[in-house]
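Listed next: structures, encoded as structure tokens.
Okay, so subunit A shows up in both of these, paired with subunit B first and subunit C after.
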Partner chain A sequence: MNQRPYPLAAAWQLNPVWLITLGWVLCLGLAVWGMPHLEGFFRWLEPGQRQVIYQRDAFAFLLLNHMQLVAVSAAMAIVIGVGTGIIVTRGWGRDFLPLVSQVASIGQTFPPVAVLALSVPLLGFGAKPVILSLVLYGLLPIMRNTLVGLNDIDPAVRESARGMGMSPLQVLVRVELPLALPVMLAGIRTSVTINIATAAIGSTIGARTLGDPVIAGLINGNLAYTVQGAVLIGLLAVTVDQLFAAITPKRHG
Partner chain B sequence: MSVKAQTNRVLLALPFAALAALWGLDFVSVQPNRIMPGTGQSLVAALGWPGALLLSGGVLAILLNAWRITSPRFWLTLALATLLLALLPLALHWAAQRHVPADQPIARIGLGAGFWALVFLLCLMIIEVLQRLRAGTHWRLLVMAVVLGSLFWFISTGRLDELALLREYQSRSRQFGTALRGHLMLVGGAVGVSLVMGFGLAVQILRRPSWQKPVLGVLSFFQTIPSLALFGLLIAPLSALSAQFPWLQQFGIRGIGWAPAVLALIGYSLLPMVRNTWVALDGVPAGVMEAARGMGMSPLQAFVRVRLPLAVPVVLEGVRITTIQAIGLTAVAALIGAGGFGTFIFQGLGQAANELILLGAIPTILLALLADMIFTALAALTAGYRKEVATS
Partner chain C sequence: MIELIGVTKLFGGRAAVRDLHLTVPTGAFCALVGTSGCGKSTTLRMINKLLPHDGGQIHIDGQQISQFNEQTLRRRIGYAIQSTGLFPHWTVAANIGLVPNLLGWPKAKVQERTRELMALLGLDEGTFWHKYPSQLSGGQAQRVGVARALAADPDILLMDEPFGALDPITREHLQNEMLRIQSRLRKTVVFVTHDMDEALKLATHVGVMHEGRLVQLASPETLLRQPANGYVESLLGSQDRGLKLAGLKTLAEVVQPDDKWIGTAARGQTVLNLSDSARTALSAMLWSGQNCLPVRNEQGQLVGEVTLDQLCRLSESKA
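And now, the complex of A and B:
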């Protein structure tokens, strides 16, 4: 893909994809800050309600909490997913490879909301069951892509690295993981996208996320709340996705 | 199909974990009524010594069988694991008879962590064995048929009536039927419409390659937006629309309900549908199409009789992905009043009634697994047919 140098981007030594990302981040920040100032619009949207701006928590608090839930569970899912992927592709762990890759693909058949619901009988209400189901569900695409990334490496590359005198650990860290990184990043991106959506639904089991205004609006029939939450959730998802697009290494150039 | 005689570590580890779970965790819990929390019962307390030893013996047999396992003994493990899964309803029946007296019509048996762990680990064992044997889809279907058949037999003969899940079902069997129908209709409608629209878009992209980037770009943007947000955002325009044109309300088109749900579902379904259909149609070799034209077929004939049949397996893969996704998203749509199994999930969450949550979540998962199997089998079938056509 040939990319024309944008004058502005060239001046800042920035890839245009970073400028777009910056734009979305600003949009999200502006929306979080500006939402309470749009009372006029929301009053027009929902004229029957006494209160049209969601007040129980600040939007910034909900946004940070939402992001924190997703980040914590993503970190755990990455450690477990990549770790499992590495273990089952070497030594005695290889015995578990067929089972793990099969489970990773069957598991993705499970609807995320069902996994979320099933964690309640196990852990009750609050942030804990949400994190558990985000980790469990987010694990699968990461594990699967780690396996694909590691398996797709040409065995000759591995052998020549060994031939150069690298230890197995060095081969893993310096050759295999860097080569598998783009595929692994794609898995992490899928996982995070799904988890931002699932964390929003986590409001129904007591986690405090941007899903709160949506649910509160649905329960009280207050369309304004629902729109406020929905817009912020959408912006968060698009912004994070754009961020991943920016850090994913390009195949050409 | 011979497998070298070496010890299978997976089939050592899984039964070992299963035994630990059976003896270390509660097998069932006994609840005096719907509200009171249950008291956990260990394996022996639940089933008595004979039952406990029988169940553990089966698991132990699988463990011992893993030692220097050979191909015929993989089949033995498959049979044992399937048998154990199929007999679990019997174990629950025993537990119910021991702990729920007939004169307590609202007392109930809840499923414990030990039970769930055993089910999960037995499923893993079956998956592992089927993989090692390279057994085809029909074996997977057979195992599922045996296990579900046994479960439904025990349910339909009333032997599991004391189970909390079934107590919950009995008090809302009619709503369950409505939820099932609602769920299937929403999924069917969205998948059907998106199949037609997706097909049209895919053909357009095929004819005008410059459409590919914008169309797929817009659709994947849709896919990025979380379901709760899209459902929420669609309420406002639809309720404005129905306020403007009240006759729309006669057809159920309102801000909440099935209308925004179906719209959002179609929006999510289009990406996998278009992508797979386009890849499938585009993947037919140019030589094949030229040969068809050379045989005197018109462009339309060549499309309908050659390109389309060759594309079917990959299109079916798209339908599979779309259907599974739609089944999960429909559960979320219950939040905007669209019905379906999500209704039970969110009611259960609202009342902190675990069994009601399960009554919604388990059928949703089963639907997704069933759709996965049906479309995988269909794709394999049509791919086989395709090979026959190609070689004849």
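And now, the complex of A and C:
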């Protein structure tokens, strides 16, 4: 006990994984704030360009908008994915299991770009089609892991929970979901991390994301813009991934 | 009291249990014995409505179980299974306190009851209170499982091969604990096992099941002396029935304690206890090569002796 590998964390009674997470959050914040101050570096990268720092929107605005898009679509994917995962593992919903798995697989195999292209005529330009494509793309890992997590529970545990007199809702909320949580969180983590990267393509149809500088850079042949967007997207993905690592509960034994 | 009247259970058109009549009086320990698939576990699971029955009636203390709400019924019935089914994400104390908590007992009362049960099952509070099931040995986990089943002080206890997965030494230990607990608590127990020796040792009533039917329901001694048919006989093992019968009798039933023995010292090295079974006495005679051995009481004083002749007559006599 007195030989903790992270003395700072021990001093704050903090799990070291939270310190690492805090480090990445600081990194991301520093990058958003410091990007315009790196003009010298980007001028060296793109000496021919008149402007080397993306200026149409503030990076902080793009970052927040990007996170909002991912958060909204993740919330919807979690509600749908976990919800259907629960329904098809109940006695009365088991018949829908094959159908639901197939639909989710199709959602994943359909390229998000194609979903964008097809949904713009229906939903118009902007955030809505992006959210739709992100939800479809992120659904499968969440639902699959919910199913795996729930099905991996020792049948004896479920049997004894019922045999002790727990109601179906109590069995679900107090036994099944807590036991499946680590696996479910792993699915949500995969889904969110992928969608942080995928959300960037929303910039092609007018959503404001960290993809804006990337697309602008590609169109104008300005590598500096592209690097700025890409670095921020990457940092955001790593930070959020680390955040999930921090909140995932440890299994006992 | 548990009564099963003409109970039938169908699985996909096949009868797993057919026309079963079984009465377990209050305070009785009824063991259901049979090979795998004979319907004994199915019968048990119908009593607490984990499985619905397709025909007949099941009564608990005179009331049909179909009139009870499932959850209410199950909270009144203790339930222990072979693989324990302890919640891996809950501590030992939380697992034991499950049913009292479901019943809404005050926190302090649940804690007190949990302490009581850990003491009853020989689980040290300091060591086990905060442990998780994965940190327990098989025997310890099963103790927790039995404690959990007893937690809300139910009148009825259903046990599905609770000691089946344990090593022989731990199993015997827990069987003895079970006898001790049952002699104190006098629950109405239905105990499923495929181990005839376990049934003979623990039960006051042994029900032998075969292909969904109850073939015979009798006391262990009657079962041994008058098996209903060849199937029951084969479960009893034809060769060592005499030994099994001897295993049911203690020397207290054979030896008349006599004060004249008190104070004398045993001649040989082998001394038996009044609580030993006649089977143990036979084994001791075979081992020591003597046909007469001294017996002592709980206080360790000699109270008499037992002869091979006495033991032979014991097995002849009708109950």
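Convention: the second predicted complex is superposed on the first by the 222 of 253 C-alpha atoms of A that agree within 3 Å, B and C clash if a C-alpha of one lies under 4 Å from a C-alpha of the other, contacts with A are read in each partner's own complex, and residues count from 1 in each chain.
Just so it is clear, contacts are C-beta pairs under 8 Å (C-beta built on N, C-alpha and C of every residue); 3 or more make two chains touch, one makes a residue touch a chain.
Just so it is clear, the structure is predicted and the values come from calculations on it, not from any experiment.
Undergrad: Which partner, once the models are overlaid, touches more of subunit A's residues, subunit C or subunit B?
TA: B
Undergrad: Report for A:S191: first if it touches subunit B alone, second if subunit C alone, otherwise both or neither.
TA: neither
Undergrad: Thinking of the overlay built on chain A, is A:D154 touched by subunit B (first), by subunit C (second), by both, or by neither?
TA: In the superposition, A:D154 contacts subunit C only.
Undergrad: Can A:M166 be said to touch subunit B (first), subunit C (second), both, or neither?
TA: Second partner only.
Undergrad: So, A:S73: does it touch subunit B (first), subunit C (second), both, or neither?
TA: After superposing on A, A:S73 lies clear of both subunit B and subunit C.
Undergrad: Considering only touches as defined above, state whether A:A237 meets subunit B (first), subunit C (second), both or neither.
TA: Touch partner of A:A237: subunit B, not subunit C.
Undergrad: Just to be sure I follow: which residues of subunit A are touched by subunit B in one complex and then by subunit C in the other one?
TA: On subunit A, no residue contacts both subunit B in one structure and subunit C in the other.
Undergrad: Which residues, counting only subunit C, touch subunit A once they are in their complex?
TA: 48, 50, 70-75, 79, 81-89, 98-99, 102, 132-135, 145, 148
Undergrad: Once bound in the complex, which stretches of subunit A touch subunit C?
TA: That would be residues 154, 156-167, 170, 175, 178-179, 251-253 of subunit A.
Undergrad: Applying the document's contact rule, which stretches of subunit B touch subunit A when the two form their complex?
TA: Listed in rising order, the residues of subunit B that touch subunit A are 8-10, 113, 124, 127-128, 131-132, 221, 224-233, 235-236, 239, 255-256, 324, 327-329, 331-332, 335-336, 342, 345-346, 348-350, 352, 354, 357-358, 360-362, 364-365, 368-369, 372.
Undergrad: Where on subunit A is subunit B touching in the complex?
TA: 45, 92, 95-96, 98-99, 102-103, 106, 109-114, 117-118, 120-122, 125, 193, 196-197, 200-201, 204-205, 211, 214-215, 217-218, 223, 226-227, 229-231, 233-234, 237-238, 241
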